[in-house]
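As C-alpha cells, here come the structures.
Below are two complexes that have chain A in common, paired first with chain B and then with chain C.
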Partner chain A sequence: MKKLMNDPKNVVEEMVEGYVKAHPDYIKQLPENDRALVTARETSDGKVGILIGGGSGHEPGFLGYVGDGMADGVAVGNIFASPSPDPILEVTKAIDKGAGVVYLYGNYAGDVMNFGMAAEMADLEEDIQVGMAKASDDVASAPKAEKEKRRGIAGEFFIYKAAGAAADFGYDLNEVVRVANKANDNTRSMGVGLSPCYLPQTGKPSFEIEDDEMEIGLGHHGEPGIEKGPLETADRVADRLVQDILADIEINEGDNVVVLVNGLGSTPRMDLYIVFRRVEQILSEKGIKIYRSYVGDYITSLEMGGCSVTLMKLDDELTKMVDHPVDCPMFVQK
Partner chain B sequence: MKKLMNDPKNVVEEMVEGYVKAHPDYIKQLPENDRALVTARETSDGKVGILIGGGSGHEPGFLGYVGDGMADGVAVGNIFASPSPDPILEVTKAIDKGAGVVYLYGNYAGDVMNFGMAAEMADLEEDIQVGMAKASDDVASAPKAEKEKRRGIAGEFFIYKAAGAAADFGYDLNEVVRVANKANDNTRSMGVGLSPCYLPQTGKPSFEIEDDEMEIGLGHHGEPGIEKGPLETADRVADRLVQDILADIEINEGDNVVVLVNGLGSTPRMDLYIVFRRVEQILSEKGIKIYRSYVGDYITSLEMGGCSVTLMKLDDELTKMVDHPVDCPMFVQK
Partner chain C sequence: MEFSAKDFKDFFKAIVTMVEEEKDYLCELDRKLGDGDHGVTMSIGWQAVNEKLNNELLEEEDCAKVSITVGKTFLSAVGSSVGPLYATGFMRGAKVVKGKTVVNDNDLAEYWIAFAKGIKERGQAEVGDKTMIDTLEPFYIALEKAFAETPDFLTAFTKAVSEAKKGMESTKDLVSKKGRSSRLGERSVGAQDPGATSAFFILSTFLDIAKERTATAS
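What follows is the complex of A and B.
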C-alpha cells in the first residue's frame, strides 16, 4: 500500500482541513464540530435544508457535493464508517431555515442508526422537522423483492441532484422527500470490482481478488458481489451490468434515462468511456434515449479499481431536477 | 495489468467514440478524420481558434478541455504519442474563423515536430495563420538555464485556461500567443511518482519502482525524475515539490498564485487534499496568497500513482483569464 499521507490516524482531519482551505468560498467547518461542514454561501429563508453524509474515502462523495443546487451541509465519518449523530445534529441546526432539513444517505446499518438518532434529537431537542430518504440503488445487493435491504452506491449522486434541485425550487419538506424517494425508486446501479483499495490505518486490502479476476456486483466498501469470475472485456462487463439493471426496472422504448458510469477510484477515464460506449449501444438498440451522461469519479472507494453503471429513468419532474444547475467544488453543472 | 477494455488496439477509437456519444452537445468528430474533434457549439467569427492536443491516456487532457472558454478543437494521438499532422490540420481548417488558430501543446519532440508540420501546411496550403505556444512547466526535467528543454506537465491546464479566455475576450492571434506564453512563463510544476501505469497494448509498466519507493520529478509518461528514494509522508513530499518550484521562480510575499494539485490517475482525492493542506501551509507562512485552487485529476497518466503540484503566479491580466468561466465536459467553472 502506497499513499500520500502523514499519520494514518489523521487522514480524515487532514483531508477536511485541506478541503476547506482549498474551497473557502464554498464550504466551512462549524466551530462546534470539525466533522460538521456547511455551505459558506447564504441560503434563503424557507428553503428546505439538504444534509448529506457518510463515511470518508468516497470522495467526491460526500463533502464534494455541498454547494449551490445540491447539499447545504455534510456530516463526515471515518473511512467507510457512518458519521456519528453529533455532527449530523450540528449541521442540522446550522442549515435549518425554518422549513426543516432532509437527510440523504445510503442504506447501511450504521448510517440508518446514526441519521435516525440525529433526527430524533433534532425533533426533541431543537424542534426541527427532519425528513429522510435512503439510497438503495445497488441491484446486486439483494433480490428485487427485498429492495429495502439494498445498499446505496453511485446512484446516490442522482438522489442528491434531484433533492437539491427540489429544495431550490421551493418544494416543502414532504415534497423534497417525495422527489428524493422517486429518484431512488427510478434509479438502479450495478458495479464491478477489479482491484481492492487499502485502508489507511490497517494497510489491508478491502477484498481479495486474483490478478485475472473481476467481481460482479461488488459493494463500494468491498462487500461481496454476485459472482467472481475471469476478467472479461469492457463490452461484456457493460452487457452484464446493463442487463441486470434492465431486468430490475421497467424502462421501455422511448423512455428517457440519465446514465452515470462511475469510476471507483483508480480506473482511467479512458476505460470508463469505453464502458459508456457499450452502454450507449445497448440502450440505443432498445430505443431508450439518453438524456444526459455523467462519466467519471462521482462516488469512489479510495483507490479501488472498477466501475459501476447507473441508470435513472426520467419523468418530467426528474428531468427538471436533472437540468438544474449546480456549483460545488467537485461538481459543476451549468 | 487489469483494464476495462476490448481489443487493446482499439482503446483510443473506442474512448473517442464513447466520449462523443456521451457529450454530443459539446463535441463532434470531423468526417475527414476521426482523431480530429471540434466543439459542437457555434464559435463567433473573428475569434482566434484554440487547438490543443497530444497523446491519449492523459484524460481529462486533452479532449476533455474542448468547450466554451477553453479549446475549440483537439487532435488526438495514440497512447502517450503525438497526434499526426493530419488531424491537426483538419481541426485547424474547421475552427479557423478568419482570425487564425493557436496551437497549444507540451514540449515533446513528437509534438513539436507534428504541430510544426501542421502549422506549415495550414499556412502554405490553406492560408491560415497559426500561432504556437508550448508548455514547459516541469522544473524537474531540465535546469533553470535550459528552460527550453523542459517538459510540459499539468501546468498545461493553466495555459489552456489563459489562452482560451484571451481568445474569448477577442484578443488577436499574437496577443493570444503572448498570453499563453506569459501563463507558461509564470507556471512551474513538479511531480512525484508512486506507481506506474500500464500501456494497454504491451501490458508493460511505464517505469519500475519498489513497493516502498517514490520517484521525485517523474515525467508523466514515466520519464525518469531527479531521484528515487524511500516513500515519504505527504507533508515531506509537498515540502520538496514546493521548495523546488519556489527555487525556480520568484514569488514574493503578497503575490497571488493559483494552485493545482493534480492526481496522476489512481491517487485518491483524499491524498490530494492532504498534499494541498501542506502546500497551503507553506505558502501561507511565506505570505503568498492563494487566489484559487484546483485539486483533482486534470492531466493524468492512465492509472499512474502520485501527484504533481503546480503554481502559476498571477498578474491582473492572468487573474482575469483565470476567472473566466468554462464549460467543458470534464471541467466546468462558473
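What follows is the complex of A and C.
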C-alpha cells in the first residue's frame, strides 16, 4: 500500500480540514461537531434542507456534493462506516429552514440505524420534521423481488441530484421524498471490480483478486460481488453490465435515460470513456435516448479499480430535476 | 457477588485491551465477508471509551452513568452498524442498574439480558442470519434460564457464555442474511462472522472479570 498520509488514525479529520480550507466559499464545519459540514451560502427560508452522508473514502461522495442545487449539509463517517447520529443531528439543526430536512443515504445496515436514530432525535428533541430516502440501485446486490435489500452505489448521485433540485423548486418535505424515491425507483447500477482498495488503518487489500480477473457486482466497499471470472474486454464488460440493468428495469425504445459511468478510484478516464462508448452503442441500437451523460469519478472506493454503469429512466419531472443547475466544489452543471 | 462502578470500569478497560489484542484477527475475519475493518472500527470506539475512562469517568460511582457514557461514547466515535448496536446494549443495561453504585447477582443477570435483548431489537436480526445475534441470543436465553434455576450469577453467566461460544462458532456454516455480507449469499459460508466473534470476546472478558471478583471475595 502506498498512500499520502500522516497518521492513519487522522485521515478523515485531515481530509475534512483540507476540504473545508480549500473551498471556504462553499462549505464550513460546524463548531459543535467537526464531522458536520454545511453549505457556506445562505439557503432560502422555507426550503427543505437536503442532508447527505455516509462513510469516508467515497470522495467526491459525499462532502463533494454540498453546494447549490444539491445538498445543504453532510455528515461524515469514518472510512466506509456510517456517521454516528451526532453529526447528523447537528447538520439537521443547522440546515432546517422551517420546512424540515430530508436525509439521503445508501441502504446499508449502519446508515439505516444511525440516520434512523438521528431522525428520532430531531423529531423528539428539536421538533424538526425529517423525511428519509434510501438509495438501492445496485442490481447485483439482491434479486429484483428483494429490491428493498439492495445497496446503494453510484446511483446515489442521481438521487441527490433529483432531490436537491426538488428542494430548490420549493417542493415540500413529502414531495422531496417522493421525488427522491422516484429517482431511486428509476435508477439501476451494475459494477465491475478490477483491483482492491487498501484501508489506511490495516494496509491490507479489501479483497483478493488475480491480475487477470474481474469481479462482477463488486460492492463499493470492496464487498465481494456475485461472480469472479477472467478479465474481459471493455465492450464485453459494458455488454454484461447494461444487459443486467435492462433485464431489471423496463426501458423501451424512445425512452430517455441519463447515463453515469462511474470510476471507482484508480481507473483512468480513458477506460471509462471506452466503456461509455459501448454503452452508447447498445442504447442507440435499442432506440433508447441518452438525455445527458456523466463520465468520471463520482462515488469512489479509495483506490479501487473498476467502474459501474448507472441508468436512470426519465419522465418529465425527473428531466426537469436533471436539468437543474448545480454548483458544488466537485461537480458543476450549468 | 457485589459489583461496583469501579468493577464496571475495570471491565470496560479490559475490553479496551482485548480489542487491541484481537484487532488484526477481527479485521482478518471481516476481510472474508466485508470490507475488512471490523477490528479497526472496534478499536476506534474502544479507544474513545478509554479516553473517557481515564478522564470524566475516573471518579464516577454510578454504574448506570458509566454504562451510558460508554455506550454514547462508542456510538459517537464509530457510527457504523456496531455503534448503534452496542450503544443500545449498554444503555439498556444501564436502565436496569439506574442510580446504583453497587449491583448484586440479580442486577447483573438483568443487565446482561437487557444488553443482549436491546441489541437484538435495534438490529432486527434473527438467529441464523450470521450476525452478532447468533452469539447474543443463545447467550441471553441461557442466562435467563440458568439464573431462574439457580440464582447465582457466575454459574449462570458461565453457562450462558458457553452457549454464546457455540453460537459464534455456528456462524462459520451459515449463509449471511444481514448487513453488508448478506450480498455474498453462498459465498459467505465457511467464514466465522466478525461481529459474532467480537460479541463473544466482550462476554468472555466480562466472565474473566466476574471470576476474578468472585475469587477475591471468597
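For this structure, a couple of remarks:
In this text, the second predicted complex is superposed on the first by the 334 of 334 C-alpha atoms of A that agree within 3 Å, B and C clash if a C-alpha of one lies under 4 Å from a C-alpha of the other, contacts with A are read in each partner's own complex, and residues count from 1 in each chain.
We take it that a contact is a pair of C-beta atoms (placed from the backbone, for glycine too) under 8 Å apart; a residue touches a chain by one contact, two chains touch by 3 or more.
Just so you know, these numbers come straight off a predicted model, no measurement behind them.
Superposition of the two structures on chain A shows chain C fitting alongside chain B with no clash. Once the two complexes are laid over each other on the shared chain, residue contacts for A:270 go to chain B alone; chain C is not touched. Comparing chain B with chain C, more residues of chain A are touched by B.
Between chain B and chain C, the smallest C-alpha to C-alpha distance in the superposed model amounts to 17 Å.
Judged by the document's definition of touching, no chain A residue lies at the interface with chain B and also at the interface with chain C.
Touching chain C in their complex are the following residues of chain A: 77-86, 108-110, 113-114, 117, 140-142, 149, 151, 199, 201-202, 204, 206-207, 219, 221-224, 226.
Contacts from chain B toward chain A in the complex involve residues 2-6, 11, 14-19, 21-23, 56-57, 59-60, 64, 192, 194-195, 197, 211-212, 214, 231, 233-235, 237, 259, 265-277, 280, 293, 295-297, 300, 302-303, 305-307, 327, 330, 332-334.
Residue ranges of chain C in contact with chain A, taken from their complex: 24, 27, 31, 34-37, 39-41, 44, 75-85, 122-123, 178-185, 187.
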